[in-house]
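Each of the next two complexes has chain A plus one more chain, namely chain B in the first and chain C in the second.
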Partner chain A sequence: MTKTSLLVGPFNRVEGDLEIRLEVSEGHVSAAYVNSPLFRGFERILQGKDPIDALTITPRICGICSISQSAAAARALADVAGAEPAPEGEKVAALLHAVENLADHLTHFNLFFMPDFARPDYAKRPWHDRAVARFTALQGSGLRAATEARAQLFHIVGLLGGKWPHTLAIQPGGATRAPSLRDKIRIAADLKTFRHYLEEHLFGAPVEDFAALSSAEALENWRTGDIGLFLEIAAELDLNSSGVGQARYLSYGAYPTADGHMFAPGLWEQGQLVPLALDNLQEDLSHAWMLGEAAHPTQGMTVPDETMREEAYSWCKAPRLGGEVYETGALARQVIDGHPLARALADENGVHARVVGRMLEIALTQIAVEALVQGIQPEAAFMRDVTLPKEGEGIGLVEAARGSLGHWLRIEGGKISSYQIIAPTTWNFSPRDSRGVPGPVEAALVGAPVAEGEETPLSVQHIVRSFDPCMVCTVH
Partner chain B sequence: MNILWLQSAGCGGCTMSLLCAESPNVLDLLSGAGLSFLWHPSLSVETGAEVRRLLNNIETGERSLDILCVEGAVTRGPNGTGKFHMLGGTGRSMLDWVQSLAPLAQHVVAVGTCAAFGGVSSAGENVTDASGLQYEGTHQGGVLPADFKSRSGLPVINVAGCPTHPDWVTETLMMLAAGEMRASSLDGFARPRFYADTLIHHACPKNEFYEYKASATKLSEIGCMMEHLGCVGTQAVGDCNIRGWNGAGSCTRAGYPCINCTAPEFEEPGHKFTETPKFGGIPVGLPSDMPKAWFMALASLSKAATPKRIGANATSDRIKVPPTLKAPKS
Partner chain C sequence: MSEIETFYDVMRRQGITRRSFMKYCSLTAAALGLSPSFVPKIAHAMENKPRTPVIWVHGLECTCCSESFIRSAHPLAKDVVLSMISLDYDDTLMAAAGHAAEAAFEETIEKYRGNYILAVEGNPPLNEDGMYCITGGKPFVEKLRHAAKDAKAIISWGACASYGCVQAAKPNPTQATPVHKVITDKPIIKVPGCPPIAEVMTGVITYMLTFDRLPELDRQGRPAMFYSQRIHDKCYRRPHFDAGQFVEAWDDENARKGYCLYKMGCKGPTTYNACSTVRWNEGVSFPIQSGHGCIGCSEDGFWDQGSFYDRVTDLTQFGVEANADKIGIAATGVVGAGVAAHAAVTALKAAQRKTQTRTEKEEA
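Our next item is the complex of A and B:
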């Protein structure tokens, strides 16, 4: 058996830096090693700061999940204080966060994921001309329309959050700007504009029709919009059985409001929903260039191994829950929330299922956010006073576009004494743990076909991008 | 002109912000100005080996490089190796790549405060020894020498901001493409003057509150945030309130303070970002170009003269008292 090694990088059209080492034998990937090659040390930057400064610093971990980081920090601070945000302020925070997640799903599909199908390698495929017209990198009509729709959608963040990314509008007590009736009407109009884009381009049909799909068979018959083109490509390239994971999912629950989560928290294992509990959470450091022992994030440390020892191969720690690997993201969220289409795709858990999970979530979020805005009471208070204690611990759990994001914060003597972050891609792109168990994408890559002479295998690109990694969040 | 864009130790937010350009979208805007990407990590189709060949061709001189854009600070650690950030697949640090490619480019643009001065990536104990390209904080000389000039004869152009406004980046690139960017177009920190000659204070909707020092006492109140909430819009350069973000937004319009993100060392203000440091009850840090005695005199006078409407609104979360209407002539 001939074994060769391929080093893939710089791996682009993902957020941040990525390098993957592949072992290839008999024309297939036999092992994959994922390296997150950038360490910035945000957990160290935060140490010794005034706790409230986390709201300014943590969004800057990531330019694409900025509001997610901001929301997690605000939650963690509120938790330390034992406080809840003002209910209407919580709605504004949920709205800002949902807009970012919608935009991220759109950016991923149009700018990061689809351009690979416009490559000349696929020139003989029946759908190639349409893929070229819509999704050629930097040029396609589809990705231009998406870029414009995204920029317009962000007017909502401009209005309520000042700017995107890196807003300081989300606070432990609520939101800094009380929207007026005029703001509410304007936001509803912005959402209507976004709905027009979705119905004309992405779905080619009413948003509600896509949200109503309830089985894999019904999805197979969907032919309209850019998602229709993707489904045709996926069927022809058999992307259903590409990059298959272990169907073990994690969600912290998205958009908590006084009425509960918009998308429920939980775990999904062996086809069953299990309540979320994080007591047995650990970050394993065996294959990360980090010093110290495996620890729960309340006890965790971030001490980079400056020797970059041989046995390790990434700056990313390896989070494990009860010793197990979990996949997180839109598909996980919708499986756990119980949408019938997502449940139907839960076991499939490949490239096709992950992309559909995101499209489904766009439809569901659009509908939910329209209702959320209708329910905002402009005459109410949007902020409560929250006093942070000098000592205490807090946790902030949110769902970023790419999945579960947690902040674990400890305050001592009025300063941050510990701040540990586990981002969605820390889960999905984790290196091996001390038992040698690979992370989700490492496992999903095994078996991917590598054609003769391929230096950067296309199958590997589709699989990696189907996870929509955010590498800047991963290590932070 | 061609552009090679590298993402170094940053958050990628300046690229994400760039994609928010409007009228027209960023893709049409840049191509319309004759600008094209040799490679951009978020936007180009090329990946892995294709990119390594391109970088190699630039180094050997087979490919000329017009504009090198670097987003993010450059890590020099551990121990000067730069290995806290290796460019995937190349076995070389980003530090090495930047030092190799910058002298080959006609123009070098630092996109964002991290690339310009170090920014948030260099905050705290700066465990990665991150630096800006030609500045480390306010000090000249970063990963490129203090006297570095690109082939055009210009220093690194520092499009500072955290993040950068999309127009600051696109307009800088379009000026370069038009051959209109000169040494005199840059301020003392090599920031483009078209946005660095104005202050965040200009066109701030809280200006009437500022005139009377009618101050918000906590976030969510609509008064001026200079006195208590850490706002340094009267000292910070930028045209955020003139130009608007994501439609018509800005930090102060959304009810939180300007933290001077276009400036070197903004990441370490020496106090909470959202609290104004005071000495004897008086805010430290005066508006740019304002003599202290005059400021004190005017502030106490205007505070005493604050109209009821402005005083009441300043500590409210929305306008409570509308302007008085002129009574009809009898």
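Our next item is the complex of A and C:
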């Protein structure tokens, strides 16, 4: 039996830096170790700062999901004050956040995930010519159409948030911009343009048709659009059974408004929906270059181990809920929210299912956001006065494109005394815990085929990217 | 040099029509504040000069600069510029991964030695021998030094590369350090902002690619064409400031009327950037227009100046005007002196030396 070790990285076309060490035995990955080689120390920078400044600092953790960070910070601050944002302001926040998430899913599919199928290694495949034309990095027609569509979509954030990335509009009391009737019309027009892109390119059919798919069989028969091409590739390469996870999902619930969440919160375990409870959440530090004991984020600390001890291998902490590993992201959200197609793919939990989960979410979000904009009341209040107490604790839970994002904040003497962040990729790309249980990606990589002499195995590329890693968020 | 194509060749290969090309030249001239008579000059330069290769690297950062660049730029400008720089090396956008990517990086340096522009996004953390940012198994600071050694000039994209940004905020756990403190022997153009405006990024890079020289820089090393005026100077809410009409609380009646955000902590009076003229996301809006004050993200040290919601000073309206100016000048004066002293000991290229002395003369 031959056993070799392979270091894969740096992964380009991901947000931030990522390195993965693979143990390969008889042509398959037998163990994987994920390293996030970048550490900036945001949680320490936040200590001692004016609490409201979290709204400016936390978005700068990440230039891709900066609205998610700002939404979580605003929620955490409102929670400390025991306040609720103004309902209309909450809608604007939801809209801003949804636009960012839509755009992220689009970038992932077009710029980060699909270009791998245009590689020369696949030259003999029947779909290769089409993949090259559509998804060659930086040049494919699909990439161009998507980049243009998202720039247009971001007009909405430009209008309501002033700038993107690093928008400042979302506040604990609501949102700073009260859209006028005229703004509403402009936003609706931008959404219409985006719908046109989706129906022309991505789905090649009405958005509602994709949203209405309810079974794996129905999905198999989908032929149109870029999705059609992906499904054809996925079937031929058997991506259904590639990168399979444990079908244990987490979602904090997306886009809370006065009418409830657009996508419901919860946990999914052994094919069952379980209510979300975070009392026994812990961040395990056994394999991270961090000092201290495993702790709930309200007690957590971020003290880097400058000796970079042997048994650890990442800057990333290992979050566990009730000692268990959870996968988070679009698929998790839609399974938990109960969409029939997502539920049908819940156990499959591989590369194909994760990508389809994202596409499904694009369709559902587009429809939901159109309705949300229609319901905005320009004359109502968009901001409530929120006074932050000198002492207190708060939690901000949101769903970023890549999954569950939480901010845990404590204020003492009017200053931030503790700020802990668990990002989606912290969950998905976590290292092993004290019991030696690998994180979701580490587990999903086991069994991936590695051909003789392959230095950056294609299967590994697909699996890792199917999680849409955002490494800068992981270790902030 | 002959093996390097011209810009026009590259564009043609990307399927860009002659008509679009001419439109691009006009847009570029407009964005750079040049008169229409420059359009044929730009076109001529692009048809005849070999394009300038660009290597784009990422250190400790959040990729917001790239995001701004690829998502929001004028589609045509972005397409063109992206198609030119993509030929070389970019961590985030390129197709290759792993060793192939590292090889491409080396190959680009080798092939265009002394001739390429190095665009840096993010910065190197120096604590613990740079271990907080490792790419390809080596600290980023090594990659930066290596790539900078044979570069013609360096662009520091954004607040991180230019000044440090929030990751360098007290206590600066990783000792995140701006590029000009690590690389001291190359001309550096700072394009600050968190992130910089897309049109400013494409404008700067196009200028350098087209005219093959650095744009005129201000005392802080920023391209004067985009950073010579305060947000406040061109802010459409300025009349309300002058009239003493201020927003007193979020979403109050005055906010709906679009009054000045100075009392809400707006840093427009001390911030030099093009937000109020170029605006964001394809000219749609900018923070003040969306009801939130400017936080001054293109200024050095903006992350450690007290709360982002503190007022610039406590003085009343008209006093503020004079005072804000003084504050602005005092602050930039100090930094300017630092840059000038720094420039004196380093061997800058002739082009930059010229602009440097000119701005210094103006100062005197």
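Definition applied: the second predicted complex is superposed on the first by the 476 of 476 C-alpha atoms of A that agree within 3 Å, B and C clash if a C-alpha of one lies under 4 Å from a C-alpha of the other, contacts with A are read in each partner's own complex, and residues count from 1 in each chain.
The working rule: contacts are C-beta pairs under 8 Å (C-beta built on N, C-alpha and C of every residue); 3 or more make two chains touch, one makes a residue touch a chain.
All figures in this text were calculated on a predicted structure; none of them were measured in a lab.
Peer 1: Consider chain A as the common anchor and indicate whether chain B and chain C clash or fit when overlaid.
Peer 2: The answer is clash.
Peer 1: Kindly classify A:38 by the partners it touches after superposition: chain B alone (first), chain C alone (second), both, or neither?
Peer 2: Both chain B and chain C are touched by A:38.
Peer 1: Output check: A:139 vs chain B and chain C. Expected answer is one of first, second, both, neither. What do you get?
Peer 2: Both partners, chain B and chain C.
Peer 1: A:222 in the overlay: touching chain B, chain C, both, or neither? Say first, second, both or neither.
Peer 2: In the superposition, A:222 touches no partner, neither chain B nor chain C.
Peer 1: For chain A, which residues lie in the overlap of the chain B contacts and the chain C contacts?
Peer 2: Residues 7-13, 15-17, 19, 37-41, 44-45, 48-50, 52-53, 55-57, 60-64, 66, 111, 115, 118-119, 136-139, 144, 147-148, 150-151, 154-155, 157-166, 168-169, 171, 173-174, 176-178, 304, 306, 308, 315, 381-383, 385, 455-456, 461, 472, which sit in both footprints.
Peer 1: Could you please specify the touching residues of chain A with respect to chain C in the complex?
Peer 2: 7-17, 19, 37-42, 44-45, 48-50, 52-53, 55-57, 60-64, 66, 86, 89, 103, 111, 115, 118-119, 136-139, 144, 147-148, 150-151, 154-155, 157-166, 168-169, 171, 173-174, 176-178, 304, 306, 308, 315, 381-383, 385, 455-456, 461, 472
Peer 1: Could you list, by residue number, the parts of chain C that touch chain A in their complex?
Peer 2: Contacts found on chain C: 14, 60-68, 70-73, 75, 78-79, 82-83, 86, 91-102, 125, 128, 131-137, 165-167, 169-174, 176, 194-195, 197, 249-251, 255-256, 275, 279-282, 284-292, 295, 297, 303, 306-309.
Peer 1: Contact residues on chain A for chain B in the complex?
Peer 2: My answer: residues 7-13, 15-19, 35, 37-41, 44-50, 52-53, 55-57, 60-64, 66, 107, 111-112, 115-116, 118-119, 136-139, 143-144, 147-148, 150-152, 154-155, 157-169, 171, 173-178, 180, 304, 306, 308, 315, 381-383, 385, 455-456, 461, 472.
Peer 1: Across the complex, what residues on chain B touch chain A?
Peer 2: Checking each residue of chain B against chain A gives 7, 9-17, 19-22, 25-28, 37, 39-52, 75, 77-79, 83-90, 120-121, 123-125, 127-128, 130, 162-163, 218-220, 240, 244-257, 259, 261, 267, 272-274, 317-318.
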